[in-house]
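Going by the order they are written in, the chains are A, B, C and D; count residues from 1 in each one.
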Amino acid sequence: MILAGIIIWLVGAGLLAWLTSSRGDGWPRWITLIALIVQIAFLAGLWIGYAGRSDFTAPGRWLAELDLPWIPALGIRLHMAMDGISLLFVLLTDFLGVVAVAASWQGIRNRLGFFHFNLMWILAAIAGVFLALDLFLFYFFWELMLVPLYFIIGIWGHENRIYATLKFFIFTQASSLLMLAAILGLYFIHGRSTGVYTFDYSGLLGTPMTSVTEMLLMLGFFIAFAVKLPVIAVHTWLPDAHTEAPTAGSVILAGLVLKVGAYGMIRFLVPLFPRATASFSMIAMGLGVAGIIYAAVLAFSQTDLKRMIAYTSISHMGFVLLGIFAWNQLALEGAIVIILAHGISTGALFVIVGDIQGRAHTRDLDKMGGLWSIMPRMGGAGMLFALASLGLPGLGNFVGEFLVLLGAYQVNVPLTVLASLGFIVSTVYALWLVQKTFLGENSRGWKLPDYNLRESGIMAAMIAAIVALGIYPQPVLTTAKAAVEALRAYAPRYHAVLKDDAGSRESASPGKAGGGAQTVAAKAGSRDRIPAENRSTASGGS
Amino acid sequence: MSGADFVGILPLAILAAAAVLVILVLSVYRSHLLTCILTLLGLVAAAASLPVAASVGPRGVTILLISDGYALFYTGIILAATFSVTVLSYVFLRSRPGRREELYLLLLLAALGAAVLVFSSHFASLFLGLELLSSSLFVLIAYPRGILNVEAGIKYLILASVSTAFLLFGMSLVYAQLGTMEFARIATAGRGAGGAILIAGLGLLAVGLAFKLALVPFHMWAPDIYQGAPAPVTAFVASVSKVGAFGVLLRFFRLAGVQGHGHLFLVFTLIAIASMFGGNLLALLQGNVRRLLAYSSISHLGYLLVAFLASGALAVTAVTFYLLAYTATIVAAFGVAVLVEGNGAAGAIADYRGLFWRRPWIALVMAGALFSLAGIPLTAGFIGKFYLIGAGAGSSLWLLVLALVISSGIGVYYYLRLIVIMYLRPQQTAPEAASTHWSGSLILGALFLAILWLGVYPAPWIDMIQRNALLK
Amino acid sequence: MGAIFYISAAVAVAATVGVITRYNAVHALLYLIVSLLAISLIFYILGAPLAAALEAIIYAGAIMVLFIFVIMILNLGPQAVRRERSWLKPRMWVGPAALALILAGELVYLLESGPAGAQAGTASVGPEPVGATLFGPYLLGVELASLLLLAGLVGAFHLGRRETGEETAGEQEIQTGVAKAEGAAVEEPGAALGGE
Amino acid sequence: MAQVPMDYGLALAAALFVLGLAGVIVRRNVIFILLSIEIMMNASGLAFIVAGSRWRQPDGQLMFIFILTMAAVEVSLGLALVLRLYHRLKTLDIDRADRMRG
């Protein structure tokens, strides 16, 4: 019930904010803010409680689970569960929710009730995505997420918002419907071969199917996740959506909506289709590396600040893709850390850009310069997050990207080398960003007010989070560890397939290619054992 | 006809009796409210007789009608939709001059026609039911006798008559070939028989029904009729007449085995794809809310064809559920039109701009209906569309599923755009408020809750459909 | 017998072509009546005497009269008289008349040669079995047809009722708008029905 | 009817049907369109009579009677609408009835 409570709490707060908006502007703001902070405190309490449990690091255990019949005629259940990854991501959701609310405190002036309702609606849907274990439920939340985002961009966005929403919509809608088709394909294949028609995640794991079918279904899922992530080639909606979105929309978009794609790959794509993803992994990793470099180069050539940050997001998500398809302990944990760190750092950058735009009414890089001298607090924060973005050691992003590279190195050396080039390019664009906006001389004669207490508060919280993640990531890694191990056990032969496919490329170092932990898992988990393990997984919740 | 036979068609008998009662009362005492109440009572009585009729089990009543769970469930949908339309008509007519009472009589007769359609097991009853429905609709569409209404009425009359002629000619070809007009015997006699004439007959029959359902390429009438008819009648055209026509289409072709005839299957596939894309793409271009909904309904009937072409019990459940969801949704949408549209052009976007600010609750209902049409989670349309795609995927109709998926992706866009328009700041000169009455708000509220219920917890409805409304 | 079918069929087709190619409504109507009579004859040959009678009485008789009635309503005024005169020119009626004569010839021949179907060896389905079936298995159909007629009655009554000054302002506006748009070229009433 | 194969009867019906359809499509005057529709209905009725005659059943004639009923209803409604349209527009050209455009 905890899990349903998390979502109902958010939706309820949103409704309350909407209903009370007629009483005054303060009502929706404070209601959502307090609701989110209370939920963060509650989740943090849970986290500490779980961390004390002896089985916290044992793989294959849900920390909390909810499993009720919903539409029995179709085998649809209200099945939600939380493991370490979900917990971290829901926390990130709430945290960025607070940031979004705080960042819109002054920026959003009209239709406040509906705005906050939409905001909470997105957060609830995203939390639902992170918790759903029934594929139907997953799709349900996945679709639910789009509508409020459409409204936030379409109603509160900038000049060109109609075009942006159209593009955003066509991309996401078409791709998610492809995923629906794939979900149904899986449902029927599983039903025909076993006689049990179910959308349940643990039930569908290990569904026997031919490799062609598996590949097709996998692609259906992959495209949906890839559009959200976004993977290069289907990324073009993102810069436009970001440019037109209000600050809160950008924060949610970059911090959470992109992560949903990554989460889907980690939770569903590889475990459900281990063989197909393994044979696809070289392409996917290649796409990841291409994205890292291509988007970083494009970011460098942008003059619109928001567009620039949007492209850096694409670049960072390339690392995530690389890490996921490398599929070993290090890379996966790295990907999770990137997701958290990027959520915070890019969220902060969008907030800063939003603040600049709110003050100077422009986002054009060429019109800025010397802002540090007039706004030292903002300049300091901007500098810090730009450095985080380039992967400065000691900040969260570095930990994640380093882990991903370490993990990917065990799988494919050339790609890893290429990916690390991304570090260099990102250094260039991040420094360029700082140089053009904050440093240099204030040639335009800007006179803008510096951060007030509220804005400084937001930044302080985000700085604290990113620094904590960079200096002491261990709690996060510990929390994710068991979940990652459990997920990897679903695809025990992943690297074996990988080796068969790409054996020639990796012949130089066979011992290394297998890596440490994952070969153990690969050997330990024979295919026959998977269903048994799933069952224990499903039943072993609270 | 035995007593049990009569019980089996009790809902139809009650509807007919209500119509006769209304005209008798009209001849001595004209009262708008009284007529409306009598009509509503008739509909409620007919609905109350559904379980009674179900108790005599599936049985053929003469060769013309068959009373089974399927027929009764669809009749239930028809009665509920007609009930809503009747209340909306009351709200609509209250503020308008002229004679109003005949409208209720015609609504009863049209509902009876639709119910006969879903009961029919013979060409004669199919034809008569369809005509009863259409003939009442000609008048209903032109009812206020304004220029737009009359235009719409004439257009509908011409196209409906042409389609009826197609239907009749198709029937006669099938009859000439097989020597029977009963569905069940056509099914058995038609199994082995191939023959160009039979295929042509079935094809013409399908064309006739496709006209009524406004499937592409027989859809030309829909936008004009949706725009020209008075709003409650539009709701009726969009819901009841579609339910009736689709009900009989499904029953007949399921028996006749559309899968058995490759050509027919191909034709239906093409019609489905054309309707889905045609409806959605043309809807993108519309600046009028009613025309937009008309094109959207074309595409929705296209979606339904996907499950219609699929095989198995899942397909029938999917169609029935979707029709249920669609009916609740579209009646709600046009119910909003009744309460919102002023005396200007029907469906003008100006009536809807800023609706959220002027009349938030009604706008909420409209938003719910549009979400449901778009297939957004939490609404009936989401579960319905999921069901349809499931039925298509279950029969491996991947091309159709893909078309459904892509075209409904297009569709979502214009529904949401309309919602954004409702949320824009109202214009300086707000349109004059249209008719309001508490009963209209009540019906809209009920429909809104129904949309949510079907979207959030559809299990009881699906159970009911699976227990009752399956064709063998 | 076969020959009569073919001749009647040819007459029906020719008359129908006439219907859809005439400019003048009354003229077309004349052709349509001839076509209906030809089909009636075919019904008779096919062993459906009741249908043949109904075709002639109700279709060619009652329903077509409705058409004429409406056409006459739309044709009031002095122009109509002029039009009437042009309608009575021989080339207007000679076509339908010739076709009707052919049918009359066929009819005479048929009447001379005895009841339909008798010499062809096929049983005709006369009024008796038709009636028995109509009020047997098709009883509900009769009921539905009666309701259909009720709908038609109520509908025609409602639509045809005379205006009682109930036109709303909006409608009048539209009407004047239409009149303006068509300017001076508002057609005279009779012109709506065409004419040669 | 040995001398008149059923197919010929159906062919005649089809010919009339197509002529009627052509009339509906080509003509613009509502009266003519209604006449053409009558032709189509009548063709369908003929087809039913032909089919009934083939099977020596009364059903074909019954359908014809129903069609007749329907035609009467439809013509009366159609003409009532025509009168109303004429009253408003002073024309019977169906293309003039175009106050609705998308």
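Methods note: a contact is a pair of C-beta atoms (placed from the backbone, for glycine too) under 8 Å apart; a residue touches a chain by one contact, two chains touch by 3 or more.
It should be emphasised that the depicted structure is a prediction, and the values quoted were computed from it without experimental measurement.
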item	value
C-D against B-D, pair bridged by the larger set of C-beta contacts	C-D
Rounded Å distance between subunit C and subunit D, as computed from the means of their C-alpha atoms	10
CA centroid of subunit B to CA centroid of subunit D, Å	26
Rounded Å distance, subunit A centre to subunit C centre (Cα mean)	73
Distance from subunit C to subunit B - Cα centre to Cα centre, in angstrom	33
Per-residue overlap in subunit B, given as positions that touch at least 2 other chains	124, 128, 131, 135, 138-139, 142, 145, 147-148, 153
Interface hub residues of subunit D, defined as touching at least two other chains	20, 34, 45, 50, 52, 57, 59-60, 62, 66, 70, 73-74, 77, 81-82, 84, 88-89, 99
Full enumeration of touching chain pairs	A-B, B-C, B-D, C-D
Subunit B-touching residues of subunit A, taken from the complex the two chains share	69-74, 111, 114, 136, 139-141, 143-144, 146-147, 150-151, 154-155, 165-166, 169-170, 173-174, 177-178, 180-181, 184-185, 187-188
Interfacial residue positions of subunit D with respect to subunit B in the complex	6, 10, 13-14, 17, 20-21, 24, 30, 33-34, 37, 40-41, 43-45, 47-48, 50-52, 54-55, 57, 59-60, 62-63, 66-67, 70, 73-74, 77-78, 81-82, 84-85, 88-89, 94, 97-100, 102
Residue ranges of subunit B in contact with subunit C within the complex	1, 9, 16, 19, 23, 61-65, 97-99, 102, 105-106, 109-110, 112, 116, 124-125, 128-129, 131-132, 135-136, 138-139, 142-143, 145-148, 153, 343
Subunit C contact footprint on subunit D (complex, rising order)	1-4, 8-9, 12, 15-16, 19-20, 22-23, 26-27, 29, 31-32, 34-36, 38-39, 42, 45-46, 49-50, 52-53, 56-62, 64-66, 68-77, 79-84, 86, 88-93, 99
List of subunit C residues in touch with subunit D within their complex	1-2, 5, 9, 12-13, 16-17, 19-20, 25, 28-29, 32, 35-36, 39, 42-43, 45-48, 50-51, 54-55, 58-59, 62-63, 66-67, 69-71, 73-74, 117, 120-123, 125, 129-130, 132-134, 138, 141, 145, 148-149, 151-152, 155-156, 159-160, 174-175, 178-179, 182, 186-187, 189, 192-194
